[in-house]
């Protein structure tokens, strides 16, 4: 139902700048600049209801979405932003049943997005060579309870991708061009390869490798996201924005 | 398998401007500016392989993704573009099991995107008041074979939304502000309402109604998509682009 | 010549983040995080040469342009940014001989840009109602030595614009719509009215007033400026940018 | 005065898509899709007044600005757009008295913009190697009557720039990196070099050459211009826009 239970994750919303994504445990308090909240009091309430801090400030109890979790990851490490993650999943045609290989797990933000889309019948195989990121990603995937759909590997994909007949390979690594022939072997015929890179020099090299490896339907795209100030009498885009995250390069394998 | 079978949809790729999304039927030909292709010859081939037209031009046989279908719909009617559709699905937290109401089916492009994400355990309920769009959407959803996950209604949502405890309501209509209190009733607590509108005047009115109806975590976003020319020696964004599709306004229900 | 003289303004360039726009006076020092510079040592050098601080850091002595002065003003008050100021001057057709009225002097950044373009035969008449901005603008115009081409007025333009047969009226005020009929009287036939506003609600009202007042050739434009990281091996737009400054609305007077 | 005289250029405005920039000559007619206009009838009228075609359609008589001329050039050849031309002039600090070298005259659009800013005491020296462009530019500069402030050269700047102590060198050529050491010689100390290039590969090479030649204060910028639909009840950016023109790279000479 809509009732909040022990061990649930909830997002406590005070205002745009103050949202708290926490796990509900008994006998705990959440301390905020606007007083503390006794977590036991939340258990049994309904999502959408309000809870008061000890000094009377009202927080709305929200059910977190995958986006809320990912933005929480972003506070600690760099992530692929929602605008890019959702676009990547879409061009990859990723949905229930998809078999996906990710190279460069990072914090696991994209891994989690993908896992939430391939379930219940698909799977994400994710390669990471840096142990500290492997550990961070592990924690994050556990937080979202998605390990049923994810195999996390501390392994250099340059030494080979174990999977075959993959629907989509997604790369977020400094040198995607080195992996393209390996990714090609893992992919199904007409399968989709996607690479996310911050610099245009990386895009240039990736394109050359894609062309050499006879990929077709090649695209390079960047998405600019503008968020507005939410005041209906003073509507305007926010002054400061993230003006660049990275370029999305993608293509299809031809045999 | 990867083998192409009768009745499959395939995307035949010649170059960036010439892609053909067709259904494979026996005894048929596809006529193009580069000669015709005998469809029987494709059956039994593998995705990713090439097929020659009668004048020797090579086409790559690709498995279409949801994106390919949607871009095909776009040739006949206006659609919500992939960049917006994928973003909407992401902020709505839509995945296997989600219960979604769509108001304003239009050509069914977003309906299909959503259906491909909620399967196998979720469902999309889509309202349309214009009979001609209802019929177009019906055909499109059938083409993608997604009716198991979609209920299409020729009904004005202003007269009431039949569903309750909905995870996400998505509106693509000229007057979203008129529907917000009705959408609120259908939504679960902390459920997400999303509205897509081309003009900023619509955004203004929608915001006023969201605030009146005590929605929280309100956002207005626009996405600008820049595609590049795919020539590694002459990298540059394309000269002419779609500079605007619409604004995405979204918020959470508080009780 | 190119020789630096006493009382000249110079821009001392260390790196992208550390530039110092100062007036050269005898017996003074400029203190920086990289040591101090004895200003007397700069006098007599050539622009483009280097000067060392007491700890050996090299600064390049540059001749400041109008842009450098304006970016200096920006540290203290809000200004119309170079991208907008230059566009405004261009659509206004402003060059030597132009007669321009500015409503809303602010810090005088745009005033100075305009004055540098109308000289030697044109003139800028600038109206400001807030005394503190009048004083700031006065100082800034003096710094650039442009008072020969500017008349600064502490006066509400709502009470009337004193000038007639004006080539261009430029407004940077919260309520441009209230001034449009008054601006029209001041303008020559087919003269150009330009308004700069941060919110789209202001644009809406301004447009209604322009249409009512029979202006023609009406435009609304926004400019998004993306600066790149200057590393040829890692080319990419900067992560954080100014995503919005304001909308430029402009039109021509018809009689 | 504001009175229209024989031999004047006028802009006849019908609506956003139909504007006619013509020279007023006796005994001539302008033929439009909305009837013809007898040019003699315009002479003696005032700018801002209306003139009727033989079928009663009203056109407003406007004084063209430099922008109108340049957009007229754009119909025949590629030009540097107003948004870029005005920005370039601004960062170059170009105003009355500036001494400017342009390499790559093209159609002369930027040449005219610059000339209109350096007058009456400055000068623009413009180099072009393609004879057909030299001729087009010549005509365009004549149309604007700006030859007093422009020296047009049919000469390859690679063989040397004749001018010294130049305030600003502006390049719009395919290989700016080959000219940078030559441009440096022509520039004053701390003078400004600006290059406009459509591709990022050109920017990369230009940057390497600027760094090698010890230029400082190096920037790369792109400007995205979004024009809105001018309907106050349906405010929105236009659907299709020019998404890319080119990158502006600029820097200062250090000795």
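By letter and in written order, the chains are A, B, C and D; residue numbering begins at 1 in each of them.
One rule holds in what follows: contacts are C-beta pairs under 8 Å (C-beta built on N, C-alpha and C of every residue); 3 or more make two chains touch, one makes a residue touch a chain.
Worth saying up front: this structure is predicted, and the values here are computed from it rather than measured.
Asks: Going by C-alpha centroids, which chain is farthest from chain D? Tell me that one.
Replies: Relative to chain D, the chain whose C-alpha centre sits farthest away is A.
Asks: Tell me which of B-C and B-D has more C-beta pairs in contact.
Replies: B-D
Asks: Quick check: how many Å separate the C-alpha centres of chain A and chain B?
Replies: Each chain's C-alpha centroid was found; their separation is 21 Å.
Asks: Between chain B and chain D, what is the gap in Å from one C-alpha centre to the other?
Replies: Here the centre of chain D sits 43 Å away from the centre of chain B.
Asks: Listing for chain C: what residues touch at least two other chains?
Replies: Correct list: 200-201, 204, 224, 226, 235, 237.
Asks: Which part of chain B faces chain D closely enough to touch in the complex?
Replies: 198-201, 224, 226, 233-246
Asks: Provide the residue numbers of chain D that touch chain A in the complex, in ascending order.
Replies: For this pair, the touching residues of chain D are 200-201, 204.
Asks: Any idea which chain D residues touch chain C in the complex?
Replies: Chain D reaches chain C through residues 2, 11, 13, 16, 19, 46-50, 60-63, 65-67, 82-83, 85-87, 89-93, 95-96, 113, 116-117, 119-121, 165, 188-192, 200, 203-205, 207-208, 211, 216-228, 230-232, 235, 237, 247, 252-255.
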